[in-house]
Amino acid sequence: MQNVKFSELLHRYKVFFFDSYGVIKNYKGIIDGVPQLFEQLHRNNIPYYLLTNDASRSPAEMAEKFHQTGLNWITEEVIITSGMMAKEYLKYKVPQGKVAYLGTLGSAYYVESLGLEAIHLNDLQRQDFDDIKAFLFLDDEGFDWSNSINLTINLLRKRNIPVVVANSDKIYPVSKEQVAVAIGSLANLVESIVQKRFIKFGKPDSQMFMYAYEKLLEKQVVSKSEILMIGDTLHTDILGGNKFGLDTALVLSGNTLLEQLEHSVNNTGIIPTYVCESVSMLD
Amino acid sequence: MQNVKFSELLHRYKVFFFDSYGVIKNYKGIIDGVPQLFEQLHRNNIPYYLLTNDASRSPAEMAEKFHQTGLNWITEEVIITSGMMAKEYLKYKVPQGKVAYLGTLGSAYYVESLGLEAIHLNDLQRQDFDDIKAFLFLDDEGFDWSNSINLTINLLRKRNIPVVVANSDKIYPVSKEQVAVAIGSLANLVESIVQKRFIKFGKPDSQMFMYAYEKLLEKQVVSKSEILMIGDTLHTDILGGNKFGLDTALVLSGNTLLEQLEHSVNNTGIIPTYVCESVSMLD
Amino acid sequence: MQNVKFSELLHRYKVFFFDSYGVIKNYKGIIDGVPQLFEQLHRNNIPYYLLTNDASRSPAEMAEKFHQTGLNWITEEVIITSGMMAKEYLKYKVPQGKVAYLGTLGSAYYVESLGLEAIHLNDLQRQDFDDIKAFLFLDDEGFDWSNSINLTINLLRKRNIPVVVANSDKIYPVSKEQVAVAIGSLANLVESIVQKRFIKFGKPDSQMFMYAYEKLLEKQVVSKSEILMIGDTLHTDILGGNKFGLDTALVLSGNTLLEQLEHSVNNTGIIPTYVCESVSMLD
Amino acid sequence: MQNVKFSELLHRYKVFFFDSYGVIKNYKGIIDGVPQLFEQLHRNNIPYYLLTNDASRSPAEMAEKFHQTGLNWITEEVIITSGMMAKEYLKYKVPQGKVAYLGTLGSAYYVESLGLEAIHLNDLQRQDFDDIKAFLFLDDEGFDWSNSINLTINLLRKRNIPVVVANSDKIYPVSKEQVAVAIGSLANLVESIVQKRFIKFGKPDSQMFMYAYEKLLEKQVVSKSEILMIGDTLHTDILGGNKFGLDTALVLSGNTLLEQLEHSVNNTGIIPTYVCESVSMLD
């Protein structure tokens, strides 16, 4: 575990995989020095991907959000979401029919873009239980938790259908000190009650890394040792990167604070290759 | 495990401990044949207690609810709630000050009857976090889950205070086939996120059994082998009764259905002394 | 949480409940200043009990071990073990027959003193599976783990019998820095595989506290507020004492080290009334 | 979920991924009709891979074992083990030095073939703790559980090093009705005590599927929809295959018995595309 400035790492790797929230932006907006980083990546033709545990909106909407902040470099092609992994799964296992989901209306993209009919749980009637082919946990917003979680539990006690968790994160930061429950925790609550095994997507699983790596290989030959994964969370970004065989850099601009660093690494046994304050080019 | 009519058991024991929900009443109201049972208990001067995992209202309110249905025999003196166990704990550990809680307004009884100030989470401001001496999970109703659970998590990440779960049940039945998430599950969700150890009350823990037994001993000398515990749930009523050293009767009028009986007993290894269809005197 | 010398607490309470290992003795033998403590307790006629999560030998053998070290005050009457709680359970639920167990030969006391036939797992043949009425986890020694755990799993997959864990501790210290796996962890391993619910005994459950308190009340009237529980482990001694409504003192002569104290209390939310270096009268 | 003879599926897919134990062989040896299957696969030039959660020996040794039974078709090139995934991880994260392990001597292959020094835990002295760069759980045989698990726990409490579980299976069948604890369960026991996060390999994780798929693509272009994954275990083979986007066939010649089938599928929500009695060509 080396402490370095992120700018020093730019020369050591040929490709960069970034987590998004806590690395590129946070609750205050785009992190200082990030626009300069992406300018430099583009100037030097360095390929990169964003790997994000997020199924609340489509990659196109996410790119649009970056553009609104002036970060025009980031296009939908480089954004890989855990929602996309869930969508791939659905594509193979649920060829047609109605799929119920918990999440924002925007998250329905991951169902509808497959030609499936997305039924928001708010609109699900008990008499329609038998028509539902699969259930998706997409996002923690867009529904009343009490009504919707209870309805979900009763649906899943009655119907033996695939249940997909499109983002297995447990919490996410909403300010410097505050966090909020993420959809992964709500899925765990339901799973512990209905006692079925849900199908979960998102880092640290290898799928998103594999997906990005395969996209990359279509364009150029790169060995895994030439790729750096950068993230703010040990259990997802760093564990996932380590397991896929990438070098990893932990940044302290998000979930992991400097004062917890040593304790967290010791407690988890998840060891990043590098530790950087942030990805800022201004440090 | 003997299959018997409950009426046959009346002569075999001197004292009866009943679970309430699923045994005496259910989502439809008082179970048929129950009024006749209590009439007979009173006619024969047979002592009994109700042991209920419930902290949503005071024993007095619960008795009042029974009276409204015509079941006038049941008085507040024989009702023992998990909320009372939590109250005993608070009495020793939190002599004064403000206690925040999640639950109905009625559940605040368990805080206020101690002379403590009960702050419903809906009324808690972040600037008041530092004044809170303890936190209670009392009931799953009376608050918006999303706002309140997130606020609870941020309170408990910031403050190192005792956290008490006054009812550790995970679900409860709301109709023949439907269930709802109980406060115990919400407490587990929060516990898994804040990674602290909460103090939990309710069957199968021995406390409520001990409390009832001590009350009983004040009036007459009874050996544990002369008491029968009756409940509808293996994990709480039957395990708790078995562990306290009582004979136990499982009734099929609540959480455990006849078709699941064998599988549930095999899977849990929790074996009641008897199985009865219900406590009805009319069977 | 007050830091005090233990000698100062002697005047504040009328009765003392002690954990044994890590409080009175440790891997090096009797802790310095402990003989003086017990001399003083006896000189002043102060009642005390030892509450220990241990089912490896009978209270008589434990007392004998204390006598061998010169600590003659401690008699078998004041020793309350989690094995005794398991024995009480068996007494009610298994009136006769063969009970298989994992543990030392000495631990068979808890079965044999009931008139049951204790079958050490080393002596259990597959053809005898059908005769076994219950299974006990008593101690981590006295058997080959690999053979015996595998045999236990196959027994419990085949037979639906009560499974009792007579000591739910997960680890125990064997030197200043080394620990060993306790029988509670082996029971958890088996439980996670056979997916049945085992019946567990030992602090923090209220039973041992209740047992000691009832014994005490036979001799004199004491309120819970006049009893101090002293232990070295937050999750068992302090949580159990707190839950039973006793004041608690954490000592730093065993499982909890000074440098972990703050972190452990913050992480668990289990708060002792006092913290003492040890129970030594020489401090 | 369609019930079919496996021979009918041979024409529907271009490539086959097989689990090994419970599918091709079991405790009695090679399953009847399996030699005929592999003869037919080779006669028709149908590619296949074996994906096995096993780190007890090298692929070469596994192939040799098949040859000893007369199954000469299966070569080391088509065998993909979870041990190989762990080896890939080590290759990136531990460039040199000593790696301690639990397992058979044969399992050391996965360390030694990297040029690392493999220290069997039986040979590890406490004074050498500081030299160990990583720890591997490889197999449940080759060591005394009690001594070695306790030593492992003390090593991992002292040293903050990567811990790799090369086979996350919990049990494995040793006869028609008997099972044995697999190394994944022992790793879970240690993990729950040292409270660090171990890095785990094996199905249902996508890595072995990805590894096989990449090997396949080097030889020919195949879409995932043309590959069938066949296994005997819902939680590993079928979940893993489903998640990777493959059609899946559950065989009833191993972990999942016909009488448990419906219950297991309902309880887990893991639904195979097909159910076959076995892969035998003789059915």
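Miscellaneous remarks
Order of writing sets the labels: A, B, C and D. Residues in every chain begin at 1.
The definition used in the following text is that a contact is a pair of C-beta atoms (placed from the backbone, for glycine too) under 8 Å apart; a residue touches a chain by one contact, two chains touch by 3 or more.
As the structure is a prediction and not an experimental result, all values here were calculated from the model.
Looking at chain A and chain D, no chain is in contact with each of them. The chains in contact with chain A and with chain B alike: there are none.
Chain B and chain D have centres, each the mean of its CA atoms, that are 46 Å apart. One simple way to say how far apart two chains are is to compare their mean CA positions; for chain C and chain D this gives 40 Å.
Computed from the mean C-alpha positions, the centre of chain B lies at a distance of 28 Å from the centre of chain C. If you draw each protein chain as a dot and join the dots that touch, you get one closed loop, with every dot joined to exactly two others. Within the complex formed with chain A, the chain B residues making contact are 140, 144-146, 149-150, 153-154, 157-158, 170-171, 177-181, 185-186, 188-189, 192-193. Taken in their complex, chain A has these residues touching chain D: 88-89, 91-93, 156, 160-163, 195-199, 205-207, 210, 224-225, 235, 239, 242-243, 245-247, 265-271.
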